[in-house]
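A, B, C and D are the chain letters, set down in written order, and residue numbers restart from 1 in every chain.
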Amino acid sequence: MAGNQDKVVSLDQAGAMIAARKILSLAGSHSVNSPMALIRAAIRAGASALSIIPPVTTSIASDLLIAAGAVDTFYLCYIGFETLGFAPAFRAAAEAGTLNVIEGDEPFVMLGTRAAAGGYPFIPVNKGVYEGTDLPRLNPMLKKVTDPFTGEEVYAIPALPADVCILHAQAADAQGNAQFWGGNNQELDKAMAADCVIISTERLISVDATRRDVERVNIPGHMVDAVVHVPYGAHPTASPEFYGTDEAHLKTYFDAVRGGNRDDYLDRFVTGPADHEAYLGEVGLSAMFELQKNA
Amino acid sequence: MAEQADPGTTNYSMAELMAVAMARALEAEDGNLGGVGAAAVVPMAAARLAVLTVAPNLWWFCGGASGLNPTFDNLPRSSADPKAAVGSTGKKNMLDVVDMGATGKWDWGFNGGLQIDKFGNINMIGIGPHDKLKLRGPGTVGTIWTGTLKRPYLYSMHHAPRILVDRVDYISGPGWLDGGTSRADVIGRDTLGPQLLFTPICVLDFTEDAHQLRLKSVHPGYDKDAVIANTGCELVVPDKVPETPPPTEQELFVLRNHVDRDGVLKDVRATVG
Amino acid sequence: MAEQADPGTTNYSMAELMAVAMARALEAEDGNLGGVGAAAVVPMAAARLAVLTVAPNLWWFCGGASGLNPTFDNLPRSSADPKAAVGSTGKKNMLDVVDMGATGKWDWGFNGGLQIDKFGNINMIGIGPHDKLKLRGPGTVGTIWTGTLKRPYLYSMHHAPRILVDRVDYISGPGWLDGGTSRADVIGRDTLGPQLLFTPICVLDFTEDAHQLRLKSVHPGYDKDAVIANTGCELVVPDKVPETPPPTEQELFVLRNHVDRDGVLKDVRATVG
Amino acid sequence: MAGNQDKVVSLDQAGAMIAARKILSLAGSHSVNSPMALIRAAIRAGASALSIIPPVTTSIASDLLIAAGAVDTFYLCYIGFETLGFAPAFRAAAEAGTLNVIEGDEPFVMLGTRAAAGGYPFIPVNKGVYEGTDLPRLNPMLKKVTDPFTGEEVYAIPALPADVCILHAQAADAQGNAQFWGGNNQELDKAMAADCVIISTERLISVDATRRDVERVNIPGHMVDAVVHVPYGAHPTASPEFYGTDEAHLKTYFDAVRGGNRDDYLDRFVTGPADHEAYLGEVGLSAMFELQKNA
């Protein structure tokens, strides 16, 4: 997707692009840098029957998609709300048997993504990694392969390609050259492992501004299909150097879903607001500005 | 039902006490490299406190924000908070973190579990049959690396019979497996099983040969019987079990002025029963 | 013995002429992503010139210095020179470059060889039996990616019978293999074989079905016969072969003022015979 | 090698560490950022019978070791002197049959290094990569493996671990936290794939200076065994932002080795000078300062 020099689309257009695909990959870490505005847009656009390949730790980004009934299959590494507790929609759907959970782990998600990024059909892992654990028994996607160099049997992790990868950047230009400040760099492999890459960004900068600070570019634009300018687009998760995690909002979500009021939350914050600006109005701009202090 | 753990004093919170006890244990790791993962506010505080007290040459990796040896003095609630990387001497890619797990390059690390059993095995998967879990756990994250860590350390913010069980329903993080030589036999002799387990009411270690959970010290405000009553597995209990030495004034001073100025550890939830 | 290629005029050097011809070809790749590798001063100049003339939306990766779409106006002698990354819109890790080769994400690229044969196969390995090479080549670098590149382009700074051979001793970079449908049969139909070959005396393309080397235009100062005499393989030579249009004044102006202000292309060695 | 907070050693000590090992891995690219002072020190310390795993393109760094007779086996991807021509010592040794050349390529060197870095016993590659080429026939280290997910046969590249990796950094502190300016980031995987990592550095900075600019740290110190402070330590190759490639010196080397006078070069520039300062004296400090203009 190198060609186009202007990849900027609207949030609604991006939502429709996501909703048209089935295997969705996310980066961000826990409650930081999740592409929440894109996720809300995808839900509004009718995303359904998704398979989610999350980052190694995820929180509301994945849980909201599950709460909205948009997810069939979830590649699990870790999902939770830290001090608040278990991810409520995930836990309810998994325990009710309405969600197919692939029992993954760090090597499974990271190396499956690396394999897809590099075009390796699979990655065999060191003998010690799965010994003594129940993971191979619980994850049918792990298979044994004979190392042709030693004759030993080792576990193989399959490539985990995605149809679409959605990411929230701190700065990106119209060509798709994107900067992620903070985090642990899962974005590049995630992008390379996906057919389509959509980026929401706090700041839409000029290509000249990209050239001025090229060492900060984590994903080159040729890998990117669409860019959406969405200030506060990670809310209620944090956007490094812009705003901190909205702990109170996470609790509102958590209590609503755990208390059986998920539809109230969805109505108020996801399907109700006409657009991102209306969502911000519902959150309250002064609350948003307050979060900047904690960036 | 679980109740809030009581540190037996108003001088410090239970999370502060645990952070201090965990920091002290890291003296043995001075100069070595380890890490803390997600939902790890107490281990983060412990590592930072250890650097400032007993382990000045400790190397530690701080979870999601990805900093090595950060120098925050405002403890973040999450290791993924970018502020957790303040003053780092390096950043690690998540792929490198996994690579180092697979190649056995982590010396130490803190891990917790939904369930922890008498041989220190960890379960983050769930409780019940896998196709119909009664409790769906949050997923294994990095607990699998307890198999390749040279010396894993365990902790739980909850001490209860449902957590400290005789046998975990699933092993997501291998401990001493079935005890005895089983870990060495299955995983190899390059790594050891869990060294210590920190809970809101005590510190436990493992016996030398059977590698079975043993009471090492009881926190102020609790006694042997409280530990036994709140533990769901067999426990080796020596005749004399010392009290966990309470935080010293100096430890609390450093903790509150150089690690956790915002007092995050004042309200971290820790429960008993 | 090889002699210095003569551009037939003192208005421009042979390397300048080649850079211009190669830049023009990149018009077909406007908007697409490609790259140049090591020892690639002329392809570097061509890509930069193409952006400034016929392919404003070209995406290109500049070898060892690892810049995407650099904006240097002082052409470096080596793509590994950090100055080759000046003004880039991104940097690529070498691993990503390889990943994109393996996943077939490069649209175009320039490659050369010790030997190039009539089907555009490339040899960078050597000449003679592999256990006793008469000429040990420099190694295959990225020539293997001619198999996964959507449209490879070839060039050689030397036009001689020893270089343009009937059959390469070894295939390090697959061209059209044995011609006809052989590339599609062996590698698959996602990529095409070489599109063009640029030398100091001519531009060649490949016939539509047999995919065999064909003379497309002859550079000023040379003729068909010179090409045939200096070529070691069978060549399809149309009745009428046009002259390669010499660089325009505008092309030379842009080349010398915005691409190669130091005149590096003035003394790049190109030989015939 | 996390423990030690002061890993600074002398150039002679570093040379002895290298000479005590057999599989030597290099980074840098072509004639940029090669650890030349370390290489000269290793030759002086009697390095011999080395196997070299170079970066994907290498020049005098590898050729000098071959010229000095220190190399048995060479993992080839590309070696050359760009506009000057073929690498003279490599070519002569390979054609004379005194050098064992492993016929590698970009995926072989990069993915073999990645595999060693990540503890994968091997990496299987996409079916298209080696089709139609002679590489599998010429490189016996490539083997076929059956993909357990598809049943297809694919090529496997074995892990290529090294005993020691030597790198030239632009800045490093005593803990080994190191910055490489420019280049294409082969250093981290190279370091992770090696048992012992030795870094020469233009500037030896404080740990506080490292903390001030942490985004520039490419290799964290826990991976590093020794740091040597060697200003101009990459000469005659370039050190980004410090000095450019010494083209005239490369030609001196090239002409000497190709003209049968390699011993003259070695005497004058490698074994003759008592230390790095004497080497710089032989090169001429004013020539060094001149190269700064071209950085």
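The definition used in the following text is that a residue touches a chain if its C-beta (ideal position, glycine included) is under 8 Å from a C-beta of that chain, and two chains touch if they have at least 3 such contacts.
All values derive from a computational prediction rather than experimental measurement.
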item	value
Neighbouring chains common to chain A and chain D, by label	B, C
Far-end chain from chain B, centres as C-alpha averages	C
A-B or B-D - the one linked by more C-beta pairs in contact	A-B
Whole-Å gap separating chain A and chain C, where each centre is the average of the chain's CA atoms	41
Rounded Å distance between chain A and chain B, as computed from the means of their C-alpha atoms	28
Whole-Å gap between the CA centroids of chain B and chain C	59
Junction residues of chain A, two or more chains touched	111, 118-120, 125-126, 129, 215
Junction residues of chain B - those touching two or more other chains	85, 91-92, 95, 98, 102-104
Listing of all chain pairs that touch each other, if any do	A-B, A-C, A-D, B-D, C-D
Of all residues in chain B, those that touch chain A in their complex	37-39, 41, 64-66, 77-78, 80-82, 85, 91-95, 97-98, 101-104, 124-125, 130, 132-136, 138-145, 147-148, 170-174, 177, 183, 186-188, 190-191, 268-269
Residues of chain A defined as touching chain C within the complex	2-5, 117-120, 173, 175, 177, 188, 192, 207, 210-211, 214-215, 217, 219-222
Residues of chain C that touch chain A when the two form their complex	30-33, 57, 59, 67-68, 71, 85, 87-92, 95-96, 98-100, 102-104, 107
Residues on chain A engaged by chain B in the complex (per definition of touch)	29-32, 55-57, 76-80, 82-83, 86-87, 90-91, 94-95, 97, 101, 103-107, 110-111, 114, 125-126, 128-135, 138, 181-186, 189, 238, 240-241, 244-245, 247, 295
Touch list for chain A against partner chain D, complex	111, 118-126, 129, 143-150, 152, 154, 156, 158, 215-216
